[in-house]
Amino acid sequence: MKIHEYQAKDIISRYGISSPVSYLATTPEQAEKGAEKIGGKVAVKAQVHVGGRGKAGGIKFANAPLEAFTAAKQILGMEIKGIKVSKLMIVEAVNIQKEYYIGLTVDRNTQKIVFMVSREGGIDIEEVALTAPEKIQKVYIDPVLGIKSFQLRRLASALFDEKELRKKVIHILSNMYNLFVSEDCSLAEINPLVLSSNNNIIALDSKINFDDNALERHKYTAEMIDLKEEDADEVEAKEHGLSFIKLDGDIGCIVNGAGLAMATMDIIKLFGGNPANFLDVGGSSNPGKIVKAFELILRNRKIKSILINIFGGITRCDDIAKGLMQAYKSIDINVPVVIRLTGNNEKAALNILKENNFTVFSRLEDAVKVVLKKKVKQVNVL
Amino acid sequence: MKIHEYQAKDIISRYGISSPVSYLATTPEQAEKGAEKIGGKVAVKAQVHVGGRGKAGGIKFANAPLEAFTAAKQILGMEIKGIKVSKLMIVEAVNIQKEYYIGLTVDRNTQKIVFMVSREGGIDIEEVALTAPEKIQKVYIDPVLGIKSFQLRRLASALFDEKELRKKVIHILSNMYNLFVSEDCSLAEINPLVLSSNNNIIALDSKINFDDNALERHKYTAEMIDLKEEDADEVEAKEHGLSFIKLDGDIGCIVNGAGLAMATMDIIKLFGGNPANFLDVGGSSNPGKIVKAFELILRNRKIKSILINIFGGITRCDDIAKGLMQAYKSIDINVPVVIRLTGNNEKAALNILKENNFTVFSRLEDAVKVVLKKKVKQVNVL
Amino acid sequence: MSILIDESTKLTVQGITGRDGFFHTMAMQEYGTNITAGITPGKGGRKVHGVPVFDSVKDAISEVEINTSIIYVPALFAADAIYESIDAGVKLIVCITEGIPVLDMLKICSYIKGSDIRLLGGNCPGLISPGKCKVGIMPAVIHKKGNIGIISRSGTLTYEVAQSITEAGLGQSTVIGIGGDSISGTGYIDLLEMFEKDEQTDAIAIIGEIGGTQEEQAAEYIKEKVSKPVFGFIAGKTAPRGKRMGHAGAIIDGGKGTAADKIKVWNNNGIKVLDRPDIFGQEIKKYLFYSQNV
Amino acid sequence: MSILIDESTKLTVQGITGRDGFFHTMAMQEYGTNITAGITPGKGGRKVHGVPVFDSVKDAISEVEINTSIIYVPALFAADAIYESIDAGVKLIVCITEGIPVLDMLKICSYIKGSDIRLLGGNCPGLISPGKCKVGIMPAVIHKKGNIGIISRSGTLTYEVAQSITEAGLGQSTVIGIGGDSISGTGYIDLLEMFEKDEQTDAIAIIGEIGGTQEEQAAEYIKEKVSKPVFGFIAGKTAPRGKRMGHAGAIIDGGKGTAADKIKVWNNNGIKVLDRPDIFGQEIKKYLFYSQNV
């Protein structure tokens, strides 16, 4: 889960890391007022989850409140990578000596938390990671032990040469680590972390993503989610326990299990078709999920046919069959649906489906071949 | 390090565990005032570190403020196991349904923290531990992981049968564990933990000891030490980095290393003598320690002779020799001193000592035999 | 032989009174798995499908024999359930629960590293040694005792492979789902080592997917240490970059970990990579027939 | 042979610029120990007795070979120093520092349990394989290469025993102080196992003290697994009950762990218990002479 810059700023403040004074604005008037309160030069920054907003014109500087008003007017309503800007942050401009990068994430290979820092902070950090990885110092932390002083020292000396600055940044690094683990983050970074002209170390911009699986134990952060920022259908899917990602093709897919869902898409492609989506109905069965899955897929006007591929394990075939019946009753399913169904509680499922004269395949290949026919017969109707 | 009951109460309150209302008193007047504020029945409790104060008359109950005054007058100044009572705690009396025990300490065998609970709380818990150990439920906690829910459940169900009470006590148990690790305790217990007549769970008396080695990182608790409670000489020794324990014999011992110090006492006994003290000058050498060691030992009028047994390792023999010279110069050493000195920097030490015509033994046996002679010659004098 | 589980497995079901725990207790029992205890805190004393329920694993272990545990408790309590089994001395722990927070898993993995405790999952389908024992949620009927070992990061995709092997007239020694999460208790390599040693296993099927570098590491191991033939499939050729495909943790990390990359590495290290999961049976059969007749 | 250290030891000194680190670096070097690096954060680049100093163990290990570490840093920083060595891949860590908080030690012990990392101490004198290598603070001159292994919870008391063995004309294979604190990285048993296997060791001297039950556990192990003759001494017969005798953690736990108890258990398990530490040499010599001439 992602949050906005201003929300991330809130959180890092709670963890004792200083950042420039700022105000949130949703109108040019508010932006002006914010700039007034700050006094002096400010930055007007679009609050969107996507990267590259600076290059897209989503960050402007203003020397006076009126300039902030104008800048806000330009940015509000702008679309950045398809996301409309509705919130701005008005931030005190800082006199920057140098920009640094610090960031934490989980490293799946070592199964540890990795803390990365670099003296080459700023917008090009990703470029640095690719072209000069030696300029990024990585320290791997076992969360069972927490971060140790020797690790903080290593990171600090990778960032600064001066003893005083190392001491200051150790404080920030330690707080960032605490933030990462206490808030169950999947990513927490400050970029740039800047050394101001008066030798303070300040978080100019920070980004925090959370582990979706842990949101339940962080009510406070869970409330920060801005659903407008996500694809509406994908959000709706998530709310119903489905994983759904739209693709370009015309064959809708309803599958149980992410691996099988990907493999199903792969086979459709291998046989010459084009999958219209990835859709995993997830582990536990619940007939209502199938109804929602049909709804989501049928919103896409390109859909020519739907392939249901269920291999029952923890998902039970009879629940799927019940869901299918519900869907047919409550939605107008106007495209052919090809059903492949096998596994746990298969018999019970087949009883339900055959009662309604549905055709059911037990082998995937057969089902895929049918769904790929130029003209699929409307095989299943109530 | 031990602290008083009222100090322990402070700490457990900080960790969210409730205990009865109480006031500290050092005069009968204060006790009366405290009882007035509480209203109703109170307990007047002596604040001393030693156990068994109840049986020694250090706890009295009072139905009215004036009774509290009288009780305080009786207890203040009383000696309990050699410790004079100078502080009292005036505590609201609680209507008790039943008494329980909960306690945490470090288990050296499993190298884990052990959490012990029992339904048989109260003054006889030690008796229970000996005669009916099955009535004490023990859970071993790996501090790297912290206490886990399944462990809290196990402890809670060992204490209570009712779901509601289990829920309440889990909260207390979890807080106690946090207290134990956050404050670097060596012991933390509530005894009795009581179920009041209105079904609240309250800490009636608690006891907290701290790990001396960790005091430096707990300034707040370090300030709680009541030095009056400890043997004055032993406290003075500790302040100078010495470990000193008085015994009944007449041969003073100055040794480096706890193991060798014990072995030296054992050999003196084996050869028919009686050691007057255990004294370990500790690891790192510092000539001043020797001066202090002589001072402490010579306060004991029974002393007939002193055996110095140094096997230099991290303690260097020349530092000991220098300390010896300092001691002879600054103190009136009026008993024979037998010196056994060997190990690191032995040569430099012997040079110093021989310059002053001191006799030095390199074998322990020889030195012990000399010190045990009925009439030891005053072997070493400046 | 088979690996990890067989007739000597004595299983406890943690979360036995929940919907999934309840259902699969019955299914596993029907398959012949010896379930000696179920665990649900506060529900000790009941019976579920004839299995005695206890408040804790420790309570259970003091009354019945247990050497394996399967976990169906909700995600935020799964870590605690795993620690409870570890604490009670259980050596094989199979965690079906999906959606366990990553930091919980990191801590568990660190804690059991180097010990003799083996954790499968979370978010895994469990494992089955056909004809002997089933500790998981897979449909039993598609399996048959035989000589092919299967290791997979995916649940249902594994069923597809197992079924194709059975339909080809072959069978499985042990089928293991290691779980689709980015951090899981057991990876490919430990299991490859066990299959290599297992006398019942003649060939190995290994199923991977996009994301991470587990497949790449396995490839190296296979090249160096595995003498038995290995057949593979990688899911996610059509997955868009940078998108998370469901709970599988299938994230394409900075351009690395694509299906094409992984397929290439596998091919280069002697793994016979198939382009569909449902043809493992026929391909392995052909290979074994051919190699036995040369 | 000897155990744990020998000519192949490549040592780093953590806290090399402190008073004790500085002094003992020289003493160990004089004895012939190969010290390849010293560590003091912020003082990298200097030299101490010709040994290059680095800011961190990782920095050091990237430039010189290190397989063993000795720690002289202050008590509240000792745990961090130990973790630093573990993190850098050092497998034998000897912690001289005394006064480490108990919870710090508990965590370290839990963390390295089951791994191939061996920690001696804290609060230990280190170890010496006479004639080969010294990693510790013991006076070198009292040792001589020979066939007696020594394990002890006490520092200076060990010197007494070592000296008596040398004076009797015998010598030591390896002398190890495991540290006097209540929680230490290595106990008797692991070392007994090593001495039992070590070809250079013909007999073992084991020195215990009051408090805990380590001695009792060692006795059981010796009875079952140690074929070489074992001689013992327990310090603290005259220690008063319930009093803590210095930093040794010598607490008599609830009436258990007295010297008399321990001596009895040792005698009952085939350990030859002596009543003085300074007669080990002559007693072992007598025994060996007698047994070789029977």
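A, B, C and D label the chains in the order they appear, each numbered from 1.
Please note the rule applied: a residue touches a chain if its C-beta (ideal position, glycine included) is under 8 Å from a C-beta of that chain, and two chains touch if they have at least 3 such contacts.
Please read all numbers here as calculations on a predicted model, not as lab measurements.
Considering the contact criterion stated above, the chains in touch with chain A and with chain D alike are B, C.
Chain pairs B-C and A-C differ in how many C-beta pairs are in contact, and the one with more is A-C. Taking each chain's centre as the mean of its C-alpha atoms, the one that lies farthest from the centre of chain C is B. Chain C has its Cα centroid 54 Å from the Cα centroid of chain B.
Averaged C-alpha coordinates give centres for chain B and chain D that are 28 Å from one another. Distance between chain centres (mean CA atoms), chain A to chain B: 56 Å.
Those residues of chain A in touch with two or more other chains are numbered 144-145.
For chain C, residues that reach two or more other chains under the stated contact definition are 107, 111. Chain contact topology: the protein chains form a complete graph, every chain touching every other one. Per the touch definition, chain C reaches chain B in the complex via residues 41-42, 55-58, 77, 80-81, 83-84, 87, 107, 111.
Across the complex, chain D meets chain C through its residues 114-115.
Listing the residues of chain A that touch chain D in their complex gives 144-145, 148-151, 153-154, 157, 163. On the side of chain C, the complex with chain A involves touching residues 19-20, 23-24, 27, 75-76, 96, 98-104, 106-107, 109-111, 123, 125, 137-139, 142, 152-160, 163, 180, 182-183, 207, 209-210, 212-213, 217, 233, 235-240, 243-250, 254, 259, 275-278. Every residue of chain B that touches chain A in the complex is listed here, in rising order: 144-145.
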